[in-house]
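Structure incoming, see below.
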């Protein structure tokens, strides 16, 4: 493997130097795809000048809503026909109008919210207890930049990061969190 | 299709569906062999074996209603009225329905018992041979005149058997008594009939055919004489099928269940019934014109109005109603007769019917038809006769006392002293089915079968136009080791030998019955006829008895009913106190219903109280005395006192209180024991001219105790009385 | 099997065309309040007795109760006509739709209001929603000491604690009579059978039969002008007609 | 930079030009930032603090109450039947349903605070969203207990779930109770998920600074969360969806609970306004409970006086005042229309409410729900006094419990059959009800020891967004919209 890669983990104390560092890295030829940000608060892509992240959560939620609606439809409109004989209550219609709305609504919402929740799991590969590259300082508000670069560039990138105010730059080791 | 889709079709489909789901849900090897079905086949939709129906006679009271008992697999499930029986025409009262709770009562006497000490709970079981020996010894080893039988008002066949035995051996004739008879004042009724019509008989009042009914205290819709039959009569009075809806006026100081149905309820002062009846008679005669009958001559309506507390206008209006009707009927009964002047009341009220000239006419007064194998009217002992009997016991003239079908320790007023007198009787043998108070004081208890396990017959004393002999047969085999008292007596008589053996030369009870009924075989007018006795008896059992097809009620000879002096004196009241005291028989429990749990749980028809005794008091009076609902008060009479919670009853005179009779047992099984009080404890020894107890002739005191005992009511105090709903806006 | 179009029952249509099948007429004028019907019902339908404390706390199991009120003040006081109340077997019953478990449903075949004990989970919503308050709930497993259970009617389910129950118009008797008639190849004859309460009633105040048969006794009686149906204004289409009389 | 108290003696407001900067910083958590690490430590310390003996005493007492009141009593009721409770004819529903509605009401505060306030960007919500969401979940658990308790045959409760079964039957969708079941299930699941999502970064934080079993526990809960851009994006998206979607779910839950009553054919219940009336009532009791919980947390847990300040009590107090007014509006609206309708039974019921044997409760309800909140919460100084507002919150809860008691058993006492009217006297409902309360508190106490009660990342995010800005002579708080 001639192009063996190395991961560097640079810890920045604040948003501003981190954003500068990202800009700088980009200027020295590190691609956005080779960078990842780990932070203790949801810093947006825009704050750091990073490209937008893709997320499937809304789509999964929509899919779940449709599934939930389907379950509600089944419950409201199909199950009454599954009885061995027609069950009639009071003089209400066999399939009552307003109550079906309630059932459809509740099950749609349930489907949507369950799938939203599952969507987070799917998109983020949760739960994931394998070793990962991480520094605990991020939960203290630091911002870590995970840079993937070749061995050749390691020195250059390390220096650049240090120059941009990184508190520490270390080769990232996957570790148990 | 949906409309016609029946449950049967459904069950077929359900079977298919169940099979499918068994395949779908089946897991494991068992599912291949077990057809899993949802539990949706309720017994209501399925056949659960064949029922067998037997006709018999209700023994909850002495009226003699015919029953059809449904049995399944040897168990009695349900009683219905026997539609063929002319007395009740397929109907029953609540007590008849609950008779099964007597049959299957958990507290029945299950075998013959010898009691170690009277009043104690310690008993030894005996076998029947030993028991029969005890009876035989008692018969043999005592002089006949020292042997006495005290019997209830049912069953008649046993009474006949004992009467025959007594006649043949010189024993005391069996004495019959029942609290119902006491509170109905039967002796007074028959005495009045004798005085007016020359014949001692039980009058029959054709309520159903009348247009206007004036009832002076007669609680004929409750327990009086033959409640099922009279209720049918009442329905006839009301139903406007062929005539006007009949009017009904009740005169009483406390609104009874019967009074509750009245169009006009007249709360007269207790003791003035005779006066009021005569006053109405006078006013009505005036309206009708003609010579004033002697009976009404000396009555002053103004005086009657002031003494009775009824407005004169009301009296005039009532007299107008009575005189203006072609079918007016006046009935005496209940507490009105149970007073010192009870006989006068009965005579005055019966005489009132003469104005309406209804004797022996539809809607009028008859004398009850005698039952098919009856030669003369036999009335139960009056309280005075009981008192004489008790005196005999106390004097040691009775050595052996046999008790069957009656519970004198509960039913007789305590003041009569039966309990004390029984100590002078050396041997008491009870044939009680249930462990009642008297059985507890007996040396031996040789339990009779329950009525539904028994043979027998009951003569219908009143209530039916046709003469009826209601037949009884066992509808189930005896549940416990009990034996028919008739069989015990027959066996014991054989064992005793001599005149005893010859008096009862029968193999068993059934043979005795055959002998008694066989005379009817040759009658032409009967409901059943057969060439031979076995067939006749089979029909007798099948139809639940024998009755003639003709109306054999007797028209009273009313020639001089009005042509005699009738006392208009106001009754005298015994004891000191501000309240007239009206004990009345609980319509649901009567004298022997307290041990049947579903009768306990039936709400009283007037107060809806369940499972207890109460005292009814006018709310105004109670308010003045500072008494509220559920306050426990002490009622003190000259004879005794008791503590009982108050029910503020809006339909009772302010100067009157009333307590139902039926509870207050100290024995008689778990459902009856130590529940409520027995108003008979308050009754003194006062009788009317006919010998009936003046049970409504007492005055009592009411004292607060400060205690509270909430009565279980079905009704809502908030909804019915507005208690606890808050002040009005 | 019912087809889909059969099952599309229009609510309006149903309300207008409802006639009922089995019905009762009660003549309050001749009802004497004697409780024979109550006892008969208890015996026929295996009702539990609950004892003094519970019965005084509104927990009695009566399927039929006789109501009476008072009018006026002493001495002009009157008892109102006794009013036996039992399940009115409404054509449009308010108890039915609210049960989450379909434990109380409308029977197509009998046009009765069925209580399916084995489906009941005991939410008691039906009883709350019954304007006639005629449902009783098994608050406990009420004791029936031996040998009292011998009396139990094998045609009627014995209910345990936690289950709602109510008057069934003696549905077991209806079925017996229908099956008998069917086996004899005929229709059930009016008066061939009746409910336990009607059978016992000494005054004949209760009449039971087919309200959809104009010739039947109930229909004849119901034609009399002054009959009322209780709380009819709620649209429950009750099948019991009352005559106050007087 | 430290949380400095030395400015506190400064006059609250300057002579000219409004409040001093120091005053504002002390007053507003968002303007008084601490380094994230320090806040983390504070939260961890508050959670890890060794429980005092008082904690153990209270916890064991509560555990005993739960064991007896909830589980033993319930077991007894299952074994003997509902007869040991006070329910009867006509009050077929008693305190069980009162408690169900009450706890569902309590649960509404969590959603209200964390979803509605999140949607509307009410910044004061940040430190206590977690505390409120915990109330939602734990409250719903008690509501579930209460509703299952009231069933006659609770061992068959699963029959109400829609699934293919041998009984060949599905739940009756005509029944409001079935809607209830669907809605409460939806709400319980969603609110638990909604509690969990924002918790992930905080348990990740706790994971990074704990050892032993806690490490395993937090590691498991954190699911491997690091805080990468992707993870934050998915989380933020999901939380946004939740915040919007859970609001109608919450409204539907209490509306459906109100339909249990409003759909019934009963005088007093058959009211079209019950839906919003119940929602407002739920928020009323929920906010009251939330503020009481906050006051307790603040008083008993370390460092909480930094995170939860007078401003929060002031803000919730204002909400409480508004909700109290809304409740009064709906109450009067309902009362007025019922009264005007003139139906004889309804009139009787209204009269019974006020003048019946439990009339005191009706007046107490009005005093607790309207008079006391209005009398106290108008005053900004009183509003910022934690114990006072918390007391008002508890009083409101008492009042709202009364309200439900009046709606359920008292209204059930009166129906269209006067022969059956009867009062309701609670039996075993009382230990059962106290049991649910104790269980709620106990769950909360346990949660406070294992779950970071303050969403630190949210607080930090908020602190980043806040600054002081000068407009002429006045210094004012200014917020940047970060998202």
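We just call them A, B, C and D in the order they show up, numbering each chain from 1.
Convention: a residue touches a chain if its C-beta (ideal position, glycine included) is under 8 Å from a C-beta of that chain, and two chains touch if they have at least 3 such contacts.
From a predicted model like this one, the values you see are computed outputs, not experimental measurements.
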- Query: Where are there more C-beta contacts: A-D or C-D?
  - Reply: A-D
- Query: Which chain has its Cα centroid closest to the overall Cα centroid?
  - Reply: C
- Message: How many angstrom lie between the centres of subunit A and subunit B, each centre taken as the mean Cα position?
- Response: 87
- Query: How many angstrom lie between the CA centroids of subunit A and subunit D, rounded to a whole number?
  - Reply: 29
- Would you kindly tell me how far, in whole Å, the mean C-alpha position of subunit D lies from that of subunit C? 45
- Provide the C-alpha centroid distance between subunit B and subunit D, rounded to the nearest whole angstrom. 65
- Task: Two or more other chains in contact with one residue: find those residues in subunit B.
- Result: 2, 5, 10, 13-14, 17, 40, 714-715, 720
- Message: Residues touching two or more other chains, restricted to subunit A: which are they?
- Response: 80, 84-90, 92, 96
- Message: Residues of subunit D that contact two or more other chains, please.
- Response: 167-169, 172, 174, 417-420, 422
- subunit B touches which residues of subunit D in the complex? 166-168, 348, 351-352, 354-357, 359, 413, 417-423
- Message: Quick check on the complex: what are the subunit C residues that touch subunit A?
- Response: 2, 4, 6-11, 14-15, 18, 90-94, 96-97, 99, 102, 104-106, 108, 237
- Message: Applying the document's contact rule, which stretches of subunit C touch subunit B when the two form their complex?
- Response: 1-3, 6-7, 9, 27, 29-30, 32-36, 38-40, 42-44, 47, 49-53, 55-57, 60, 62, 65-70, 73-75, 77-79, 82, 107-110, 116-119, 145-157, 168, 171-172, 175, 179, 196, 199-205, 245-246
- Can you list the residues on subunit D that touch subunit A in the complex? 35-37, 40, 162, 164, 168-170, 172-174, 179, 182-183, 185-186, 189-190, 193-194, 196-197, 201, 204-205, 207-209, 219-220, 222-238, 241-242, 245-246, 248-249, 252, 256, 457, 460-461, 464, 482-483
- Enumerate the contact residues on subunit D facing subunit C in the complex. 80-84, 87-93, 150-154, 156-157, 159-160, 167, 169, 171-172, 174-178, 181, 260, 263-266, 412, 415-420, 422, 425
